[in-house]
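Before we start, here is the structure in question, set down as structure tokens.
Each chain carries a letter (A, B, C and D) given by its place in the written order, and its residues are counted from 1.
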Amino acid sequence: MFKMKKVLNDPANVVTEMLDGLALASDGAVMRLPGLDALVRSEIADDKVALLIGGGSGHEPLFHGLIGPNLADGAAAGGVFAAPAPDLILEATKAVHRGRGVLYLYGNYAGDNMNFDIAAEMAEDEGIEVRTVRVWDDVAAAPPDRKEERRGIAGDVYMIKIAGAAAAKLDSLAAVEAVAVKARENLRSLGVAVRAGSMPETGKLTFELPDDEIEIGMGAHGEAGVSRQKLPQADALADQMMEVLLADMPLKAGDEIALLFNNLGATTFMEMLIVNRRVRAILADLGVKVHKTDMGAFVTSQEMAGFSITLLKLDAELKGYFDAPASCFAFTR
Amino acid sequence: MFKMKKVLNDPANVVTEMLDGLALASDGAVMRLPGLDALVRSEIADDKVALLIGGGSGHEPLFHGLIGPNLADGAAAGGVFAAPAPDLILEATKAVHRGRGVLYLYGNYAGDNMNFDIAAEMAEDEGIEVRTVRVWDDVAAAPPDRKEERRGIAGDVYMIKIAGAAAAKLDSLAAVEAVAVKARENLRSLGVAVRAGSMPETGKLTFELPDDEIEIGMGAHGEAGVSRQKLPQADALADQMMEVLLADMPLKAGDEIALLFNNLGATTFMEMLIVNRRVRAILADLGVKVHKTDMGAFVTSQEMAGFSITLLKLDAELKGYFDAPASCFAFTR
Amino acid sequence: MLAVAEAVIAAEPLLTDADRAIGDGDHGIGMRRGFLGVQEKLKAETPETPGAVLKVTGMALLSKTGGAAGAVFGSFFRAGGLALGDAEEIDAEGFRAFLAAGRDTVMKRGGAAEGDKTMLDALAGALSACAEAQDLRGALAAAAEGARQGAEATKTMVARFGKAKTLGERAIGHPDPGALSLAIMLQAWHESADHG
Amino acid sequence: MLAVAEAVIAAEPLLTDADRAIGDGDHGIGMRRGFLGVQEKLKAETPETPGAVLKVTGMALLSKTGGAAGAVFGSFFRAGGLALGDAEEIDAEGFRAFLAAGRDTVMKRGGAAEGDKTMLDALAGALSACAEAQDLRGALAAAAEGARQGAEATKTMVARFGKAKTLGERAIGHPDPGALSLAIMLQAWHESADHG
């Protein structure tokens, strides 16, 4: 039986050890809640609206690598690919709360929804106001009229960037929530899977994909996408992906976007750059302006090969939050 | 015969298309020299000492992704894993030269050395002063008394960061060269190979490594390292790697370093973070202070799995250049 | 309950493989983590009444499992245990009340219903199979068999919740991992009641 | 020279595999790119003298091949061609002068010497084998055979330059890819001179 070769200690401790390594890599900016699989900023301003994110581990640098100024205040880390438990989320909630309420921002998966909802009820019982924004940017997961059934994928990064900047600036939880909801309405992603990643605990691959096929729209955990097909050329793939994205969120001349290429793990920059060349030709034809391009491994699925394209339509308000300086393990702006 | 699945167009055009995609992703900061496989900054200050880097392609985001303010002024890109040709380097030299001379900074490989040397002679013939600093940070490649036989690996990133900041600040080529040489003296790296990457043109793996073995010190192109062994636990591997590094550059209490974990391609953040946990314990025991930790895919070898640890010992002068703000495709500081 | 924990922990590879086929391959790992927590808690706390045992089980699952399964099975046992109040024993009636209360809570929490290819299908099979049972042993035997059939029936279903949702027709032929888990739990409970 | 280009281009997989064994697996790709450039340049420019043909070949290799091979073979042909001046024909003497001048330049450029497991070993084999030849045909035949043996002999050597350097003992048993390339070039030149 195939077992992925990986540099680990006891597979049962991967999450805890990884969080220790992450806190150390922050050189003081972030700390682990003692004994718990949660990270929080070492200094959180008084009176600020708090932003708490979280989800299953194994997608590093998401979520726990996105904590910092103008980003998240804390993150609750579940087991690999498993939503964090409610009591952990509750402890993280208490640790980041500064009297102005806490926004929960996370990917829209059954497990995360249920666990964060239970935690929110527990937090309300303790007098902490909580609001929730679920990220659902993956256009492959459901048709436009059932957006709330879509998964959260790479768009998490832009959502955290914008909600984090809003939470640092605005004084009310409702106002921060409104900004996040607006960002979500202007956000679309579509991914493509090339090779499977593996579960660190078992070394087993998370899905099967023939040696000469890819799957457009496959989720980060191997959830089925919109089309499995023979490996196409990069330009043809770019055309296909952009067609699906633009059908879901039409763009017109003069629109301005941020463009994110997210590497699921083992895809090369070379491949994504070659795809970017075509994507930019398509956008240029439409007269769409690209305000900023981000490319890298932000939301991974272990050593899975594949990538996604995310489009975020910007207006003046969103652009302000998008451009706000920020620094965390995953990136600096 | 195994062929790596990759999203490309015509494999013969990978470098050119990749550079186009990179220039586009810079949103105006960087441009391609018309018809040539070289990128340069769109705006280079008059009278500045120029920094030109380069080497084989396929290691993205190195080199061509490290062009920007306080970084390189331009980069000449060879074919995949092949040094750029002299006439290309010469054209890039002319494009970045602003009257104060050009520093060539690149990894110490036979091919790069010969091609850049030929270009330097051609440039001198045209009246452009050139100095050369070759990066040789890989302690696995030769013993300490034959440092000039060592390869340049992830340390390229720190060298470019420091030389780039020095070239933006100092007025003489010799002074910039001296800073780069000083940085090189304080720089050591050691890598470990876990799985092979592939040549984009052929899809063939660059080396063979049994399913349960790793190789400490293997080069980014599969060059042999210091020890091939069964997959150890993360902590044992960290101990072994740090022992080799610290034997080569002893550190004592009070020393301050920058610490770089470079992903060769398909290694997960989870693995590197778990290794970091142990590395920090070792450094803490020694009383060594970590000024900054960087972790990510900076010098890759396509989808090769493996990573390296780089230590850069800082003094006040180097720290100033190290901390200078910078932005490029690969990172922002 | 300790026997149930043993059985679920032992079934880890089977559950993980089922989740690999139509989910993300972590179901066995999560259930194992959760029931190791249950074992620890029950050994430390030794609750007195059946309701209390089930409640402690639910709390441990909720806090240790994570994922959809943690919320689902945690809520299930916790709410089901609460429904038993502080009765000293469970009879057939009590057992049915436990299953029904658990089902209602899971449905409320996750929004799924029978036929959506979740553990609720095994639960529905269990509930209807034990409707006529007179005593606990009979109810357990019937429920275990009903859950098995309910889990089997999920093979023919298209998932509407959880990570298998977008698989659509492709999920057909594969059983739901959570439904398998429930069937294993009830089977282990039934066997330990028969033998102990 | 066009025949040489054909032969090297056709040998791409063989050269790449040799480089995969002890280098980075790109030698065939680079040589192919370089000699495609040579073909193009020679068709466009049609230089008149043998020296000019070799010089153009060197320039094309230098600018198109990249890698160590581009600098090495580019310098080799360019310097070797220069050594022929504007002679109308090459004789055995001229051929030896070409090889010797190329060798000197490569040694100066890269710092390697005979025995370091590079193309210089094939070159040394070629030079000593054709030392006594009286005419170009004889010199080419002897040099081709000498280069083949020289390349063969690199199997027993430990590399001191290029990417195979750190392989140490492990490189033993594998021929040097650049040495193979030179042998293929001289063999093709010899055959085309015999048949054309």
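Note that in this section a contact is a pair of C-beta atoms (placed from the backbone, for glycine too) under 8 Å apart; a residue touches a chain by one contact, two chains touch by 3 or more.
This one's a predicted model, so the numbers in the text were calculated from it and none came from an experiment.
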Partition of the remaining chains by touching, absent chain A: B, D | C
Label of the chain whose CA centroid is most distant from the centroid of chain C: D
Geometric centre distance via CA averages, chain C-chain B, whole Å: 53
Rounded Å distance, chain B centre to chain D centre (Cα mean): 31
For chain C paired with chain D, centre-to-centre distance based on mean C-alpha positions, whole Å: 73
Sites on chain B at which at least two other chains make contact: none
Category of the chain touch graph - line, ring, star, complete, other: line
Interchain pairs in contact, sorted by label: A-B, A-C, B-D
Residue ranges of chain D touching chain B (in the complex, touch as defined): 16, 20, 23-26, 29-30, 33, 62-72, 75, 109-110, 161-168, 170
Complex contact set, residues of chain B against chain D: 56, 78-88, 109-111, 113-115, 117-118, 140-142, 149, 151, 199, 201-202, 204, 206-207, 217, 219, 221-225
Touching residues (chain side chain B, partner chain A) in the complex: 5-9, 14, 17-22, 24-27, 57-58, 60-61, 65, 192, 194-195, 200, 211-212, 214, 231, 233-235, 237, 265-277, 280, 290-293, 295-297, 300, 302-303, 305, 329, 331-333
